[in-house]
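By written order: A, B, C and D. Residues from 1 in each chain.
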Amino acid sequence: MTFASDNWAGAAPEILNAIARANGGPAPGYGGDALSRKVEAQFADVFETECRVFFVATGGAANGLALSVMTPPYGMILCHEESHVQMDECAGPEFFTGGAKLLPVSGFGGKLTVEGVTKALKGFPERPPHGAPARVLSLTQGTECGTRYSVDELSALCRAAHDAGLSVHLDGARFANAVAAGDAAPADLSWRAGVDVLCFGGTKNGCIAAEAVVFFDPDKAADFEFRRKRAGHLWSKMRFIAAQFEAYFEDDLWIRLAAHANAMAAKLSNGLAAIDGVEISYPTEINEVFAVFPHGVAEKLRADGAFFYPWVTPGDPAGGKMQRLICSFRTTDEEIETFLTDVRSAF
Amino acid sequence: MTFASDNWAGAAPEILNAIARANGGPAPGYGGDALSRKVEAQFADVFETECRVFFVATGGAANGLALSVMTPPYGMILCHEESHVQMDECAGPEFFTGGAKLLPVSGFGGKLTVEGVTKALKGFPERPPHGAPARVLSLTQGTECGTRYSVDELSALCRAAHDAGLSVHLDGARFANAVAAGDAAPADLSWRAGVDVLCFGGTKNGCIAAEAVVFFDPDKAADFEFRRKRAGHLWSKMRFIAAQFEAYFEDDLWIRLAAHANAMAAKLSNGLAAIDGVEISYPTEINEVFAVFPHGVAEKLRADGAFFYPWVTPGDPAGGKMQRLICSFRTTDEEIETFLTDVRSAF
Amino acid sequence: MTFASDNWAGAAPEILNAIARANGGPAPGYGGDALSRKVEAQFADVFETECRVFFVATGGAANGLALSVMTPPYGMILCHEESHVQMDECAGPEFFTGGAKLLPVSGFGGKLTVEGVTKALKGFPERPPHGAPARVLSLTQGTECGTRYSVDELSALCRAAHDAGLSVHLDGARFANAVAAGDAAPADLSWRAGVDVLCFGGTKNGCIAAEAVVFFDPDKAADFEFRRKRAGHLWSKMRFIAAQFEAYFEDDLWIRLAAHANAMAAKLSNGLAAIDGVEISYPTEINEVFAVFPHGVAEKLRADGAFFYPWVTPGDPAGGKMQRLICSFRTTDEEIETFLTDVRSAF
Amino acid sequence: MTFASDNWAGAAPEILNAIARANGGPAPGYGGDALSRKVEAQFADVFETECRVFFVATGGAANGLALSVMTPPYGMILCHEESHVQMDECAGPEFFTGGAKLLPVSGFGGKLTVEGVTKALKGFPERPPHGAPARVLSLTQGTECGTRYSVDELSALCRAAHDAGLSVHLDGARFANAVAAGDAAPADLSWRAGVDVLCFGGTKNGCIAAEAVVFFDPDKAADFEFRRKRAGHLWSKMRFIAAQFEAYFEDDLWIRLAAHANAMAAKLSNGLAAIDGVEISYPTEINEVFAVFPHGVAEKLRADGAFFYPWVTPGDPAGGKMQRLICSFRTTDEEIETFLTDVRSAF
């Protein structure tokens, strides 16, 4: 019984099948194959617009490379203080960009607000060439705290960024969960809201290793292909990433997998909320649940074999006592029910 | 009448004389000259300890190069959110370190506190290799806000840093002002308090371009000389930086210049505080005064020919209305008095 | 009929099966899974020594990350002027190392010689801190020109490097082909000869995306895991690289696949050599054939549907007329025979 | 008696006087002063064209920063294998550019030829995104070997570079010597010949620390000011670099100092050439003499107090026996004569 991370879940069978199917015979390397072409067209369909798409294997690579074409090496990237780019990539964005500065901004539940961004920009006025000039606003959808931006929230943030001369990067490692959680189209949650570059994740949602950097303005993709290559992120057998996305989009597999994970999280969150003494820290809007258990309970559950991590962050509202529980496409009703029973008996 | 910056003041005559004196005949390049040796010994005297000293021309170079040997490229540097390394070096530390992360921490008046640092570290727990591991605490003495750490405050911060496995960098662009402002010895305000590496400034206090990176543990200087060279900061005619420090230390010139600047700032601060409607934002402990004038007054003063800058920072307590006024070794009593008169008549 | 590259060949069925097998249920992420442990032990078996092994997805990542822990950012790496690190990674080693210098050295057939390396070192004497200090000798086995070093050649080069204070990096993207081509053990062609760090390739030889950086002195692995993470090369679902290597080593699959590719190349090379007017440019010692065809022949073959690339390099002995033909685990006797027939009729 | 380097010579008195003169009173920092403006206009006069000029303190900084705006971080810079950027800056260009690749090209006497450059480019064909794309040709005038390009040679090289899509960087640490050695105007030896960016040196020719990066196409200066700042090369008291150039250009001081150094070198070279058993290795065209002495002679001269360095380079035509002797604005006829006498008696 694991709620450790969506990346513990392995791959969906459809993804493996697509990989096997793609292995039919020789094909050009480095993305020059027909399947890569086809999948790029699928992206245009899904997002209802022309776009340039680049495949990589990890979310850290997608974010770092995307940011590296969005800011000069001396530029500044505003991001949530609990975002993946800030907390979980071992200074990866600084590496890929050649030393850009990340300015962490706070906000409840992993979400930035227009007020927060505006205040941060005001406190770091442009005084060329002294301060690093702000160039990018990096958002995450769904967030690291299991929440999601509404279309309106996202649009307002993008507008504020553009008005200040920043472009907008969206870390979409859990973009599928954010889409599946509402009724907005992928386009509504990205370019129509003002997102310039989307890092579209597959890995956390049933792929093996598949992420796509999507440039909604193809002209902005600039030298991405050189940067991807020199960072060792251009696969020679690229068709095997393309194949994962082929299956991912087929019959809306990506939405189905994410919707299931979201539903399991909702069930878990509701079940926990109903237990006296358990507090839900953030609204459960995608596939992540953040909860505070009474003293000793989390330890007991872990001792009994459940996997989940304590969650400590800069803006931690729970004084270091929060636990993160993640559901995946593989999580079952039974697991949730068993876990809830275990929680109750751990008191 | 200028209170724009201590770097508007030019050079003290003693500094220029020393440069001329150093120009006697041929001498080995790149710091291999006798004068450089002599001045390194002066540093050991002033700081009452063996140390390794490297000369560079700017404070940004000193800070960036010092930090680059104190952290791996994926490490994290905690610093004040209003510090020079964070706000004024155009992402220089990120550049010199090869992409280390700066974590800005807040604190009143440009000063970090043990509580603030501890909270920041707790919110960014080590989870190798996911988060950038914290490796350096960067402090500033005197601060960008015109304040200074007491020996006790400094010692407590260094202890907290060391306990957490961090080494301590001290940006001492205004170290002279901090020393001159109290009765603690240079050693007390640096290595005896726990500082590992000091960037010792001369430029803001009467030199032309002279900064020294002082390693109190010579073994930690490691590959500094390679890094200085490749960054273009090894002067071929290094004796001309050494000469500036030679004069700087002679008859305590550095202390005398700084004490004068401090005294002028105190006079200015007291004078302003005595004017109804002017608020002093931070304690005036070195040569910088931060004040809020009534609406329209600063603009009128500037229109009348006074130079000083508005000061907006992330932790701005004054809602964007603060003005920064800096005194230098060249500031005169008359200037202060004239300015105070002008302020009064500008209401 | 393609001789374009070994990476056009897709994956061996055993590799795909192992990936499917590894997908049994949840498993810890980021290499914390049991399969990764097992495969690390397989490496120790194959190489008859303790070692530290890190998995990544591409050869460029393996080389760049390996080099980044072997040299400081201002160090110098000697490599063949036609090596992959020099010619084919878009300045990737410079990126990963934070700006180390590559010093290209010439040598016939992609191979360095002790004389060549010694001359290069002598021409770039250490004058700290002026010249970038030489820190690494990077070799390739099998080479980009289809040749391989004998154990004696390799040992002599490693000895020369170590004597000069350099450590030795071996780009083993085609290490399997080099092993399969002779009777030396993997250990003989790596650490016993003096190699410090081996980039062991799987991708060109039937894997999807599987490379391993092998540190024969585990202490030298240092901060590799931080560097891999920040470069976006730590897979969350790492078991899917481990699985590829599991199959790769099973029943000597890696040797069998490589031996087949080598045999096909030998057949192709011999067949071409027997055709009047075709010249073989380098000895065919692994799975690559370099040949010069009479004027117009290569173009005609390509027009008829054969895939292979012209090969132009700094030391090009053929004045820009060389063609590279690569065989893979998938190449068949029939393909070779058909191609040879086509060549003969293209005259 | 020193022929060690032109940077042993200290500063010309005119330079020191100008620095003192510039110290009259407060002036804006960071190059916002009137003197900096005036000197920028002097550059336009000297070069007979509008240009953008940036001051820094060292040649390594000038070269590195100039190159960093001329190539993307994955680009390639062709340079002479014995050039300063390749041999003497501790991988500085790689650092400033964020990891660009330097491709060393050989050529007699420190000079590149169109043939050499063309061959190098042909051997490293563009195969995006695999090879690092060539973006800059870096030339040195006068060269590290004491030679200089004629206007025709320079023009032909620039044309070849531009035809191949490269821009041209000129390392002019000894540009004054190159100008003084002939009758071509500064413009003829730079932009009229096709040079895009010139690093104009003052330090080796009587300044303390003064170099200027001159962009002949102001639009290409792009983000230079940000890059200079973050690298710690923007002086706060910039007027003290400007002052050096003010004096440098006054009454053609720069030409007079360089012409003297050149004349001394010519005298030294001719004197040595007249001694049986001494060989001059390269034509003495500026202020550097390269010579081979009979066995034991150089050692004896050094033991007797003469300073000069052995000179070993990748293309060394003398098997490690070459000595470099440099004359400066301070070298006297007597020194030359004494030295020549010493040489004769050292046999």
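Going forward, a residue touches a chain if its C-beta (ideal position, glycine included) is under 8 Å from a C-beta of that chain, and two chains touch if they have at least 3 such contacts.
Everything numeric in this text was worked out from a predicted model, so none of it was measured.
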item	value
Partner chains that chain A and chain C have in common	B, D
Selected interface, B-D versus C-D, where C-beta contact pairs are more numerous	B-D
Separation of mean Cα positions, chain D and chain A [Å, integer]	50
Distance from the mean Cα position of chain D to that of chain C, given in whole angstrom	40
Centre-of-Cα separation between chain D and chain B, whole angstrom	34
Residue list for chain D, restricted to those that touch at least two other chains	73-74, 89-91, 95, 98-99, 129-130, 132, 226, 229-230, 234
Category of the chain touch graph - line, ring, star, complete, other	complete
Complex contact set, residues of chain D against chain A	72-74, 98-99, 128-130, 132-133, 223, 225-230, 234
For the chain C and chain D complex, residues of the former touching the latter	73-76, 87-91, 94-95, 97-104, 120, 122-125, 129-132, 312-316, 320
Contact footprint of chain B on chain D as seen in their complex	2, 4-5, 7-11, 13, 16, 19-20, 22-30, 56-65, 89-92, 95-96, 203-204, 208-209, 226, 229-237, 239-240, 307, 330
